[in-house]
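Take a look at these structures.
Presented sequentially are two complexes of subunit A, the first with subunit B as partner and the second with subunit C.
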Partner chain A sequence: MNGPGSLYVAIATRAFRRYSTYTGATVAGIFTNSVFGVISSFVLIAVWRANPDAGGYDTTDVVTYVWLGQAMIMTIALWGGGAPADLAARIKSGDVALDFYRPVGILGWYLAADVGRSAFHLLSRGLVPTLVGGLLFDLRYPSGPWVWMAFAASLPLALLVSFAIRFLLAMTAFWILDDQGATLLASAAAVFFSGLTVPLVLFPGWFGDLVRVLPWASYLQVPADVWLGQRSGWSAVAGLGLQAGWAAILLGACALLLRVAERRVVVQGG
Partner chain B sequence: MSLIEVRDLRRTFRVRRRDDVVAVHDVSFDIEPGEMVGYIGPNGAGKSTTIKMLTGILVPTSGHLRVAGVDPSKRRTALASRIGVVFGQRTTLWWDLPLRDSFELLQKIYRIPPARYRQNLDRFLELLDLGDLLDTPVRQLSLGQRMRGDITAALLHDPEILYLDEPTIGLDVVSKGRLREFLRALNAERATTLLLTTHDLQDIEALCDRVMVIDHGSLVFDGALTQLQARGGSSRTLVVDLVDERPAIEVPGAVTVRVDGPRQWLTFPADASAAPIVSAVAAGYDVADLSIQEPDIEDVIRELYAGR
Partner chain C sequence: MADPRALARHARAYVDISALWVRAAMAYRASWWMLTIGGFLITGIDFVGIWILFHNVDALGGFTLQEVAFLYGGSGVAMALADLFVGRIERIGQMIRLGKLDQMMVRPVPLLVQVCADEFALRRIARVLQAALVLGWGCTYVDWTPSRALLTGVMIAAGTAIFFALFIGFACIQFWTTDSAEVANAFTYGGNTLTSYPLSVFPSEVVKGLTFFFPIAFVNWYPSLQVLGRDDPFGYPDWTQYLSPVVAVALVALALLVWRTGVRQYRSTGS
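Right after this comes the complex of A and B.
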């Protein structure tokens, strides 16, 4: 194995293994996701008892949505972190100069690492809480092989969009010394605009229309609607198209900004 | 054509609201294959800036630069397979991964043939005594162990040239000694060309036949180590321990520069023989002990900086 793809597979495998060594954090995280899932489920069941069919969801839909949300948090590193956080640290320490010097693309490198991380978190922090939710509550599952396939496409697209946003944020460290404010803001935006706190289907009017096409809608709302069958047929295709469009635009922006950053390091000396 | 060709190399940095800093000021030198060259100078002299330009991660402001026939900043990734770099305060190793994983990823990055990779890894692990640490995550390694890991990482792809920027900084005496031994063996076995920056003159004395001294961006000396010692060191010192305290010794051919209790220091020209001075002292005084101090290279270099 010495082909061009095997490097990225090797990077992803190492990242998977690295996260798999943090056993304590994984167990604690699964517990937290499960507890939050139970609490949110009861809160939203009460809300839906008062307003049945809000946003076109029934009670089963909204409880399923809650557990999908818990599963997505770490799978796509919704709040932030993951491989781009390693890049931010290397920018701050100056070690990034050595990354530029290596004969391998930085964007592909960190993407492969984040894919490996995501795969581990999908199997641990994604799957296990979903099983817990399935035992405790009545959940809705994809209604057939097409829905499963559409969801299987939606999930990596969600990761790509989230990765690109986190990567862009990490790159601000080339220009801004203290990125705590930006990190906090990005985290808050992701939590709200992904629909993690309140499903985006509940927002009415132009605001609802807007938030449902912003990049963060790719994080949870689109995959959840595909899973629930709220988006089927062309609507599912449109959802995947929205995700793919944002992924392409944002990854393009990453590549462009990386070139600017590289010029800055190489020409201006960091 | 030399392996490394540097002509009037200059690099300035724009510092906010101040004048440009000239970090490297019209430096010229050549390095031939298999040389081990020491590059010394005080903090901020321009050593790291020079190394960065040689590796291609920094573009020169002006001047001519060729490494293995190519312009490093224009062909950075092509050159990367032919050179190795170690920055003492930076690491290429992956912090949360075992040392082994970093090495395996480097094998893929540089497409090192598996047989060659294993051969190199075995040799470096043995020479650097790293075998037991392969499965340790990098963040748990001591500074010396990490540095040995970084050096292995820089060498797995058989580079012709190895740049080391302050490789011994922060290391204890044992680690320093082991590292020097390794670099000597590397150069002897593979004729790897070494350019090594350091503050530590012992690194230079142990490894390098040739020294370049840089100060405030300018090369103030480039030549053999022995030449450097001879140059500034125009005098040697005879240290005399007398049986009793005495006024300053007076003998022909030497000057007493210091008296401290029964001990006295006499200097004499470095190219003069010590024998007549020693006999004159021994004949005229009751001597308990005698020793001769060669010119100290540190003093020589301090003189170079001062006389700039």
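Right after this comes the complex of A and C.
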């Protein structure tokens, strides 16, 4: 195969291998994810013991939700990081000028790298904590092939939305040189609005309605609801539509901003 | 170690080094404020999460929101203080890889002081402040007596010392494997998250483990039961509620021993 497609596959494969080098870090991360999964499970079990149908979930649903959340953290780089963080570093060092010279689009290049990274993290820090959770607690699994397929569609959409947000954030480095503050605020927003701290189904009133349609709802709440069968039929389609809509809007914004940035690139010290 | 004059000298060195880093950070004042406010918000989110949980239930593990605020604040202040003063030790693996640790070893200031004061970040004070606010709110619901007030002070000091020991002890893993810094997070940040909730939400075997094997329950749980005037849900005797300082001293001693062992067997990366 010798088209532009094989190039992206090559980029993704290299990214996969790059992340798979750090075995110690991977094992350490799996351990930490599992510890936090256990803590959150017990806290939320206590909540559901006091209110057995809070947010329309039962205890099995919420414990499954917790472990899916731990699995998603690295798979979609929920806190931040991944390939867009490399871009931010290259913008600051000026190396980004080389990226603009390549006969491949910058967005496609970094997306392919992030997909490769995500594939590695799905297999290691996604799958293993889920297995640990399954051994320690009673979890709910997708109830049939349709649910598996819907989840298989929802997962890459979650990655696309998260990638686009991280990419937009990385591009702020074209304008502000110290992006630490913005990065910190962005990860705070992602942790809270994705439902990683507290499932979005527990958020009350209009605020709950709002957070369930924000882009961060695509990170965990929608894929989890598809997995649990909370969203089935048209409701599942609507969930996937929400994710696809945000992915399209945000990736469009990335492409647009990239063109503006290209025009103002100045190689520092060069 | 026991010589008070030497200790004062080390503290002085710590303050000097960290003051240097504070001045450096202040050169980018806008960025400093953004990071400080960001730090305040990011830790504040945790408590907003707890508050949302209480929108769905009246009590968590039999404890009210105000009582949970006291537990959360107590653990949070202790964690944030330890993080402010020694949290930088997390990066020791990076210092080893970059050869920074070797440079530090030839300087006439104790290695531990240099490692902890390196890139001292005053902005972490935001976390202390956030947790203190929650603790303060929790305190307004406590039925105060002089002994309870004293115990609260002792609890914060002992809790800080316990997290101090956890940071140092678990960072030492990196002397052996430089790329598994994250294991320590499970114990430091994990310990903080655990103790932010009433331990009554956990099964009794877990609480037994957190009392005898990984005694994080002494950070806030046992003294708080006394201050809040609650019976121990697991039936441990009352005197456990005054044991935190003893546990803290033992853990700090253990952590310093581990540190010494780590430094003794440390061989430079040779790069």
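Here is the rule we go by: the second predicted complex is superposed on the first by the 264 of 270 C-alpha atoms of A that agree within 3 Å, B and C clash if a C-alpha of one lies under 4 Å from a C-alpha of the other, contacts with A are read in each partner's own complex, and residues count from 1 in each chain.
Simple rule for what comes next: contacts are C-beta pairs under 8 Å (C-beta built on N, C-alpha and C of every residue); 3 or more make two chains touch, one makes a residue touch a chain.
What you see is a predicted model; the values in this text were computed from it and never measured.
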item	value
Clash or fit, subunit B versus subunit C on superposed subunit A	fit
Subunit B versus subunit C as contact partner of A:233, first or second or both or neither	neither
Which superposed partner A:5 touches (first subunit B, second subunit C, both, neither)	neither
Comparing the two partners subunit B and subunit C, which touches a greater set of residues in subunit A	C
Which superposed partner A:14 touches (first subunit B, second subunit C, both, neither)	first
Subunit B versus subunit C as contact partner of A:145, first or second or both or neither	neither
Which superposed partner A:98 touches (first subunit B, second subunit C, both, neither)	first
Once both complexes are placed on the shared chain, angle at subunit A toward subunit B and subunit C, C-alpha, multiple of 10 degrees	90
Shortest span in Å between Cα atoms of subunit B and of subunit C, once chain A is used as the common reference	10
Set of subunit A residues, in rising order, touched by both subunit B and subunit C	none
Of subunit C, residues touching subunit A in the complex	28, 31, 34-35, 38-39, 41-42, 45-46, 48-49, 52-53, 55-61, 177-183, 185-186, 190, 193-194, 197, 200-203, 206
In the complex, subunit A residues that touch subunit C	22, 24-25, 27-29, 31-32, 35-36, 39, 42-43, 45-47, 50-51, 54-55, 178, 180-182, 184-185, 187-188, 191-192, 197-198, 202-204
Contact footprint of subunit A on subunit B as seen in their complex	11, 13-14, 49, 52, 55-59, 73, 76-78, 80-81, 85, 87, 90-92, 94-97, 101, 104-105, 108-111, 113-114
Of all residues in subunit A, those that touch subunit B in their complex	2, 6-7, 10-11, 14, 17-18, 86, 93-95, 97-98, 100-104, 265-269
